[in-house]
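Worksheet: the structure to be examined is printed underneath.
Chain nomenclature is as follows: A, B and C, assigned in order of appearance, with residue numbering initiated at 1 for each chain independently.
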Amino acid sequence: MSHISQQPDERHPMTGNRMDSGDDTGFERHEYDVVVIGAGGAGLRAAIAAHDAGARVAIVCKSLLGKAHTVMAEGGIAASMGNVYPDDNWRVHFRDTMRGGKMLNNWRMAQLHAQEAPERVLELEEWGALFDRTPEGLISQRDFGGHKYARLAHVGDRTGLEMIRTLQQHAVSLGIDVFMECTVTDIFKDGDAVAGAFAYWRETGRFVVFDAPAVVLATGGIGKSYQVTSNSWEYTGDGHALAMKTGASLINMEFVQFHPTGMVWPPSVKGILVTESVRGDGGALKNSEGNRFMFDYIPEYFKSETADSVEEAEGWYADKKNNRRPPELLPRDEVARAINSEIKAGRGSPHGGVFLDIASRRDADFIKRRLPSMYHQFKELADVDITAEPMEVGPTCHYVMGGVEVDADTEQSRVPGLYAAGEVAGGMHGSNRLGGNSLSDLLVFGRRAGESAAAYVQGLKDVRPRIVADDVRLAARTALAPFAIENGGENPYTIQKDLQDVMQRLVGIIRKAEELEESLEEIQKLKDRATRLSVEGHRQYNPGWHLAIDLTNMLIVCECIAKAALERKESRGGHTRDDYPGPDDSWGQVNLVLTLAGGDYSAPVDLEHKPLPQMPDDLRELFDQ
Amino acid sequence: MGYDLRLRVWRGDRSGGQLGDYSVPVEEGEVVLDAIHRLQATQAGDLAVRWNCKAGKCGSCSAEINGRPRLMCMTRLSDFEESETITVTPVRTFPVIRDLVTDVSFNYEKAKQVPAVKLTPRDPDGKRRMMQVDVERGQEFRKCIECFLCQNVCHVVRDHEENKEAFAGPRHFLRYAELDMHPLDTHDRRKLAQDVAGLGMCNITKCCTEVCPEGIHITDNAIIPMKERVVDRKFDPVTWLGSKIGRRDPRDEV
Amino acid sequence: MSYGVRSPGRAQIEQKTLRQDRWWLYPAVTFTVFMAFIVYATWRAFAGHDYYSAPYLSPFYSPCLGSCVKGSSDFGQPFGWWPLSAALIVLIFPLGFRMSCYYYRKAYYRSFWLSPPACGVAEPHTKYTGESRFPLILNNIHRYFFYAAVLVAVVLSYDAVLAFRDATGHWGHMGLGTLVLVVNVVLIWAYTLGCHSCRHAVGGRLRHFSKHPLRYKAWTLVSKLNANHARYAWLSLFSVALADLYVYLLAIGAFSDPRFF
């Protein structure tokens, strides 16, 4: 390409990437076929797939390579390999997933996911992952909430770390370019189609332009919009907001998963995840009266497969054929709501949670072997020895089911050239995600997105979309706006804190119309305040500035969540309305689709109803059993 | 419960810098990273600090606290006296970018030099079999969160900038050991570990093990076994002869 | 010239370390104890006398292969022509074993060579090549010293067994000296078998523990000793010096050996 200047000697000190600068817009510029935003499980898998399909690929990520949120995943990767229970197969996994999502899932995505997950896991092994083994030497599989059979391939309780390291090492060995600590702020279009992306280096504050006809969003979730969350600072909904601004749509945004067990004390670690494996491996939830209260919260929908007595629940760990599962292993939404009710009823633990007890139920060696990082985490951060005393846990914002509306087979959004995979994509998990299904989601749809992006670019031949120079200048001006406000501007940290407070208080686990209406007003006020954001210092590694940019994304996402939550007048999965306590069949056939008129982020979000795609009969039969 | 913590934080960049004194209100149960965040949110909005998970799982917030390489998120304030001044500096082995953030690209460059795993073909049923006891050693090394504290504390590069060229560091010795112990890998990287990664420069003074936040026995379980494996390949005439006439190592040297 | 932690590009901090704890304690103690041992051992090894008091032979002189005093040579005197102390003939092996031991290497690199004196404390040298060149590359032959050290430990065990005879050669005796030699040889074995080279040889070099269950078992046991290698390195260092001192004191007649039976 003629507008790429050649100064190959100049290298970025952080990444070793080229630092070309001389072109008509004055910014460093790179040309690729596919740009993947995000280097978690989905991003890395997409990049690998696109590379294998022959595309020139770049990964652009906000953090260092290998630090993405995937490392936080603990329990495992759900895949019906049948290594522990030969009866398991993709149909059972598909059924569990749909039921867990209260049938609001995109059936085709759930099908592809269940069918392809086993091979994706074996692929990881091929690239060096060392999973825990069965006595026969196969990949071991563990029990998790909502899964009929022990199905989660795992490595102790650090499966996410294993997954990201494996993908990272494989991507590095393929020589894929990685732009680390580089944040994308805009996606460019040429007409209707994607033409490239605009980013800044966190280190220097310098801008980068990527010429690329395909962009894969793999940016993860939105958890940082809540006060109590298991998510890191990166989870500011960048991909969701970028998709909206680019003209794509979001679905299912009202469904936010609150993981039932997060740490509640000390305050500085409030929200940090306590893996579901604790319950899968025998942990029991108890209230301050010492009762296993989950037996009081078994919903009609899951009665037939849940133990109704302590004896049966205890029997299940050893004999799964003749006993039903303990209610602690109900899907996450059920458990989170139950814990929430117990705390509200005054039967909580001293620090406002409930007790999760594995100490009195399993011996110390077992706990340390099966749950090493949990042991470590409580020992180091809370001075609690989980082999000797119960943990205190409470719900924490963990995952957003909603995301970019994509085609089930190709992961393409409404915008040609724009793809989404992983948490940022919507549809796969319906109204509630089962534990273990996210890691497999990343792999299955990461690969599909990468492959279809590469195919799309090959299909373009020589007619590539081109970035409009004015768009680049506008993107730069927008990004730098916070520096232009001199005195009396708003502090981004304060707005973020206020936003988290609004979301936690008004759009939390239990919602009602008045509060949601109030939240929308509050969000609008914060949006107005955010137009006067100002930051101190200069552009070099300035976290205040970075947050100011991320904030605009968080505000769009929060508005989407609140708006969709207000609209959906029923309770289902990760969306619970105090004023509409039960599920409603007519709502069970509807997705709420959100768009941003003209891609203008200051404009209000548009919402429309869209009927759910209909499952073919051969799959529907699976639910008649 | 809460008190005002006296904090000294290094502020600056490549052109220079100094320790700045601050006073930050802190609460019970907090860690150093909380104090740094409060400082950032209330007094120094542009204080550069790298962090992600705040749970000791991602290895981003490496720094030196009172001169000791630690993760800021896993260093509890209760480990210090309330009257004590806590000094936080960036890690001192890598070039500083700004404030507490350093350029750790050294580690990523070295990672590129390790040849990837290449396994034997799958079993006829499309799966692979490995026994738990055979993967356990590698699993210990794969607990590594790449905080690079071991790379930072290692005097081979910390005290000798010129060695960075020839020395990959403890984190990558973990990787060599993991791959060499992999039950199904087909590559022999022992010569590479000595000649390219600079295993011979390690004098096993164990600081890497001392600072590892994951408690990996880097020296005893990875570096020393790897050194012994290199001896098998390069220095021990008997095992060398054995590999020529007796049972050959089925792996390909890379 | 600025080097090390003050190299160009790194955060400019004047202090060579910001550690406030007593990081110098470990190298200082190690240095002092090792020096004391070296001084003592040198004196005793070169002395060439007062190393045998029937039935006890000092571990420094075992096996006594030079022209040794009567009763002390259980393996003959092939080096009868050797003009110097008999200890020098055999001491090279345990000395080489300990000098090339992975734990002692750590200890002396830190305490004697200050490379580094402690973690996060700058070392005083401007150049460093580690064990990649002569002479330190010779540490790679540790395993051969290990094989020799096993033989030495066998001989010391034999000595400890012989200490169950009385001064006239009759079995069924045990004195305080017997106990000293037995404790010493137990600690020597714990140190020798916990060696990293031993751990490698018995099973560590394998890639498939599952195919070699016995060697895996052996590796597991050696690994347990190995985890305490530093402790046994110190304890056996003390015990060997004490055993020698005990024999010395008996030999010069400082007191007589308390007899248990």
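Just so it is clear, a contact is a pair of C-beta atoms (placed from the backbone, for glycine too) under 8 Å apart; a residue touches a chain by one contact, two chains touch by 3 or more.
Keep in mind the model is a prediction, meaning the values are calculated, not measured.
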{"item": "Other chains in touch with both chain A and chain C", "value": "B"}
{"item": "Chain occupying the middle, per Cα centroid", "value": "B"}
{"item": "Averaged-CA centre spacing for the pair chain C and chain A, given as whole angstrom", "value": "56"}
{"item": "Whole-Å separation of chain centres (CA-atom averages), chain B against chain C", "value": "31"}
{"item": "Computed distance of Cα centres, chain B from chain A, in Å", "value": "27"}
{"item": "Set of chain C residues in contact with two or more other chains", "value": "210"}
{"item": "Residues within chain B bordering two or more other chains", "value": "95, 131, 182"}
{"item": "Junction residues of chain A - those touching two or more other chains", "value": "137"}
{"item": "For the chain A and chain B complex, residues of the former touching the latter", "value": "13-16, 63-67, 69, 71-72, 81, 83, 122, 125-128, 130-133, 135-139, 155-156, 158, 161-162, 165, 169-170, 172-173, 180, 203, 232-234, 265-269, 272-273, 373, 376-377, 380-382, 491-493, 497, 535-538, 540-545"}
{"item": "Interface residues, chain B side, partner chain C - complex", "value": "10, 12, 14, 16-19, 64, 66-69, 87, 89-90, 92-96, 102, 131, 133-134, 153, 155-156, 158-161, 163, 180-183, 198, 200-207, 210-211, 219-220, 224-225, 227-232, 234-236"}
{"item": "Sites on chain C touched by chain B in the complex", "value": "3-5, 7, 9-13, 15, 17-21, 102, 105-106, 109-110, 115-116, 119-123, 125, 127-132, 136-137, 140-143, 196-197, 199-200, 204-205, 207-210, 216, 226-227"}
{"item": "Chain B residues within the chain A interface of the complex", "value": "13, 27-31, 34, 40-42, 45-60, 74, 76, 95, 97-99, 101, 103-105, 108-109, 111-112, 115-117, 119, 122, 126-132, 135, 138-139, 142-146, 179, 182, 215"}
